[in-house]
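Below: a set of structures, written as structure tokens.
Here come two complexes built around subunit A, the first alongside subunit B, the second alongside subunit C.
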Partner chain A sequence: MKTITADNMAASQKQPHKADEGSTRQLRIKLVLGLGLLAIFIILPFLGLSGFTLSLATTILITGIATTSLHMIIRMGHVSLAHGVFMGLGAYAAVLSVVKFGLPFPIAMIFAFLAPAALALVIGPMLLRLSGKYFVLVTFLLGEIIRLVFVNWQSFTGGSNGIFGIPLPYEGLADPVAFYYMTLIAALLCIGFVARMLQSDIGRIIDTIREDSRLAECAGIPVLRMKVTVFVIACGLAGIAGGISGFFIRYIDPTSFSIVQSLNFVVMNIVGGMFQLAGPIVGTLFFVILPEFLRGYVELQRVIFGVCLIVVMAFLPTGIVGLAAYIRHQLSRWFK
Partner chain B sequence: MFSPAVLGQVLINGISLSAIYILVSLGFTLLFGIMRVVNFAHGAMAMLGGYALYYIYGEANLPYLIAMPLAAASVAALALVLERLVYRWFYQKMFQSMIGLLGLDMALVYSAVIIWGPHERSIPSPIDTVYRLGPLFLSGSKLVVIGLAAVTLAAFYLFTHFTKYGLAMRAAAQDVETAEVQGINTDRIYMLAFFIAIFMAAMAGGFFAQNYILSPFMGERQLMMAFIAVILGGMGSIPGVALGGLILGMAESILGTYFGSTTSVFVTFGAVIVLLIVRPWGLLGIPENR
Partner chain C sequence: MSDFLTVDGLSRHFGGVKAVNDLSFTVKEGEILGVIGPNGAGKTTSINLVSGVAKPDQGKVVFAGGAVTGKAPHLLARMGLVRTFQATTVFPERSVHENVLRGTYLSRYPGFFAAFFNTPRARKLAAESEALAHEVLEWLGLETVAWDPAGSLPYGYQKTLNMAIALAAKPRLIMLDEPVAGLSAEETDHVRDTILKVRDRGITVAVVDHNMRFISGLCDRVVVINQGSRLAEGTPKEVLSNPAVVEAYLGKSHAAAYGQ
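And now, the complex of A and B:
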């Protein structure tokens, strides 16, 4: 029986998987595009846009942290359906340490990282032994269990009512522009960290593990330890996204971190493209902005999301990011 | 609290719940065993079954014994269209099928919300009477569920074990390539298996809608339970599914009655996670990488 994961997928579709061929040029293009995107985000508040656009941009940044962190796990060949819940864990940790224990904001954000990372460290060694489909199923169930904890631990988490009236961390952050820049810096640090990590040896190791974990083991890579490390970091980063979103929306409840949210992150990653860091970024931009054009039709949005997933999974495994290469490939085949 | 009457009642509820779970998960495991497709849209199919029964039985008032199979068959027929449009791209591709069909599930569920609205409905019960058997109260609708499910499962067993197509289906489940070499038209077998699987799921959805609630989101629970039953028994194993469904239905009924539904969910999910970690191929399954 054919085993899971991306390798078969990429191979079966005969996608050019150019790893090194022209990689400096590609890297330069990506760098230019990335810096361009960053420039847009930096000058955004000065464009005289409405407060709504600014809050949309903040949402994009928060979601971007979550999706890029999930990207690391997906790059290893594991699709986690609990990422939204890990984000929620960070949100609860950050908000509770401010609301219940009166800790200062920076320490709260450290807890936002530590809480999900700690859980990931405990369960990671068990979960990451599982092959693709079992991992998906377990994370699916795990997400449900943690959500139930949020709902049922009334005295601490406020149950299904959630926690509202979350105070601002600093007076200065009452200004949406200030909050926006804080989020931008956080996103820059987190996404930059992920990007740097994927460019380093660790990134190569991650790709090797996805393509063939046994081969990786033979090459002397401590596969499980590596997987757990990446999983812990990814879940911790998702927690930071959760912490920021808690203070941004100033209200948290279990439903905002349910399976639907986890699914959204997976959709963004896969439709954007799961083999490159650009994928989740494009996916996030696409799927946070697109729904705004369909505001009155929340259900229709979900239907479109679903159809996108089917189409991408069936015909375009490299996602939107791979679209150009895919078209080029097809054209060159036809006009040989 | 532990009197024989209560225990008997718990047992009856457990069996009717088990029947529904077995029906859902049998189709799920069939699709997985034959086509290597992890059908995340299975719950949505069950949900469609519920709505089909709502219109055919609840609105059109056809006799129940006709309406029930008709509803399930109409959903299965509709699903055959989806098979041509969506599923066939994912055959023998486990990973892609999982994510792609997650998309299909989303599309179906929210299409249902658009068409029928998010509110909950109910389907009238075919038999309102409650029978007394000693200290036990047997509600008619639960008996109908148990009876029809038993008939369906028996038919399924007879079909797979005593007909040519059933044999071909089992052969394809064991090894598609070898089955093809033996002259089995796997394309047709796929469609047949697909029809049967969705038929059973839609039927279970109808039962569930009738005994509990009908809403576009009801499939989520069916899907989760199918997962759990299939994992418990072992992916792709048919006797395993029967065992898994039985354990699950009983556990839910017993734990739910004595400790509340939240505890029951915690315990079952926790047990499944532990099982997956210790023995991912399930109780009766066979390890994949021998």
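And now, the complex of A and C:
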């Protein structure tokens, strides 16, 4: 598959015998863009925005944790349709820790990480042996099974009615700005963790496994163990996103963490760009903000989403981020 | 020279087809062993069985004194048994340098937390693996194309890169699956020289191919496989003059003509 990738382009530019010149520059551009985005998120509450816009920003941050963690699984070559449900598992774990067991909020968030991570650890070794469509199918079924548990374990999860009236963890978080900043810190830690992982040798191993798992295995990489490790971390991070969202919306029910949610995360990754961390971040911004511009045309929303997805799948295998890199490359050729 | 790798009674059936049937041979430390046979003789299946890519139904494999039958490829690589694949198997979109760097995993990866926090030990190992990659590239004559995407290289270079990735794992025994399939005579000679250089570094080589000329010009010993079993074993000269081998390769009537 010949696609436009940043790597490919860096290589097609006449390169001197210095390896990292191009990639260091790219890294610097990404760092600047990332810090710029962070700066915008930091000053956002001071811009006199409506409460609605601030809650939208909080949603972006929570969704961003979920999509960037899913990105790690997709980078290994697996499209998981259970990520929304793993997020839900974290939400239920956190909320039930507080509501049923009266545990303090930080402990609840630890459980939000541990519950989906533990499930991922148990089923990961079986699941990650499957490839391509089989993995997709089985994660889909897994998601449905967990959803049915949420629905049917009424005494514990509240069944289809869900759990409402979830108390705020702290009095101070009643202020939307305070909650926003707490979410921002959590998102920074989680996405920073993912970024660091992908930037380190672990990221190189993840890419190696996706590109040729057989060759990776013969180079001595314990492919399955590596996959399970990354899968467990990714599902745990999704759980943190779920925990925060439970206390943010203060209501959880099985439908908020269904297959639709999982699909949305996958679509955000694909449209943003599957093979770079910037992809899910751009995809999240795009897909959380876009519907707000389409408020007046609710019935058109799904259609426009669908068209976006088809266009990107057909013409932009590397997503919006790939398109940006392509345009930059063309511009730099023009202005040389 | 002691037995480095012992294959004893190895069998693998696919349905009713006996791809490998009671195959036994040994590789001695420091030698270049050729494994040849006509198409469909079970050469690739046997290398898959030995390297853990496929599991044998019966038989055992002993490597460097330990039983390794059916062990996963990454564990065998850790012990020093590394293989290449018949088709060019490289990471086509990555640079040649990056390809070789990926082969250095075993000596490079410091563990999850050390890698995550980029500890001094992780940095030291990364620098060492960088040096190792450079050494391998230089050694195999790939340093001039080090920054080209692997997929853009001529076929012969890609085959050499296959070997470079395997050598980056610092093997004690390297198994090459058809390293010259589809190469020109010139490229074949280059690969032969490279394999000889590899052996001179003290790495034992087992090479599977059906190119008689290539194998006989390279190997110390040859094992001939036919229909999944060992047909003959010996020096290239002995094997080539063995009527059974000629028959397997050329068929009965030709063998008769050859004998006259």
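Criterion: the second predicted complex is superposed on the first by the 299 of 336 C-alpha atoms of A that agree within 3 Å, B and C clash if a C-alpha of one lies under 4 Å from a C-alpha of the other, contacts with A are read in each partner's own complex, and residues count from 1 in each chain.
One rule holds in what follows: a contact is a pair of C-beta atoms (placed from the backbone, for glycine too) under 8 Å apart; a residue touches a chain by one contact, two chains touch by 3 or more.
What you see is a predicted model; the values in this text were computed from it and never measured.
Using the contact criterion defined above for the overlaid structures, shared-chain residue A:Leu309 touches subunit B, although it does not reach subunit C.
Applying the stated contact rule after C-alpha superposition, one finds that A:Ile205 touches subunit C and leaves subunit B untouched.
Of the two partners subunit B and subunit C, it is B that touches the larger number of subunit A residues. Residue contacts after overlaying the shared chain place A:Met197 against subunit C, while subunit B stays out of touching range. Touched by subunit B in one complex and by subunit C in the other are residues 5, 8, 12 of subunit A. On the subunit B side of its complex with subunit A, the touching residues are 36, 38, 86, 89-90, 92-111, 113-114, 224, 227-228, 231, 235, 262, 265-266, 269-270, 272-273, 276-277, 280, 288. Those residues of subunit A that touch subunit C in the complex are listed here as 5, 7-8, 11-12, 15, 17, 19, 196-197, 200-202, 204-205, 208, 211-212, 214-223, 229. Interface residues of subunit C facing subunit A in the complex, by the touch rule stated above, are 51, 53, 72-74, 77-78, 82-83, 85, 89-91, 93-95, 97, 101-103, 105-106, 108-110, 112, 115-116, 118, 122, 126, 146-149, 152, 165-166, 168-169. Every residue of subunit A that touches subunit B in the complex is listed here, in rising order: 1-2, 4-6, 8-9, 12, 79, 126-127, 129-134, 136-138, 140-142, 144-145, 148, 152, 263, 266-267, 270, 299-303, 305-310, 312-315, 317.
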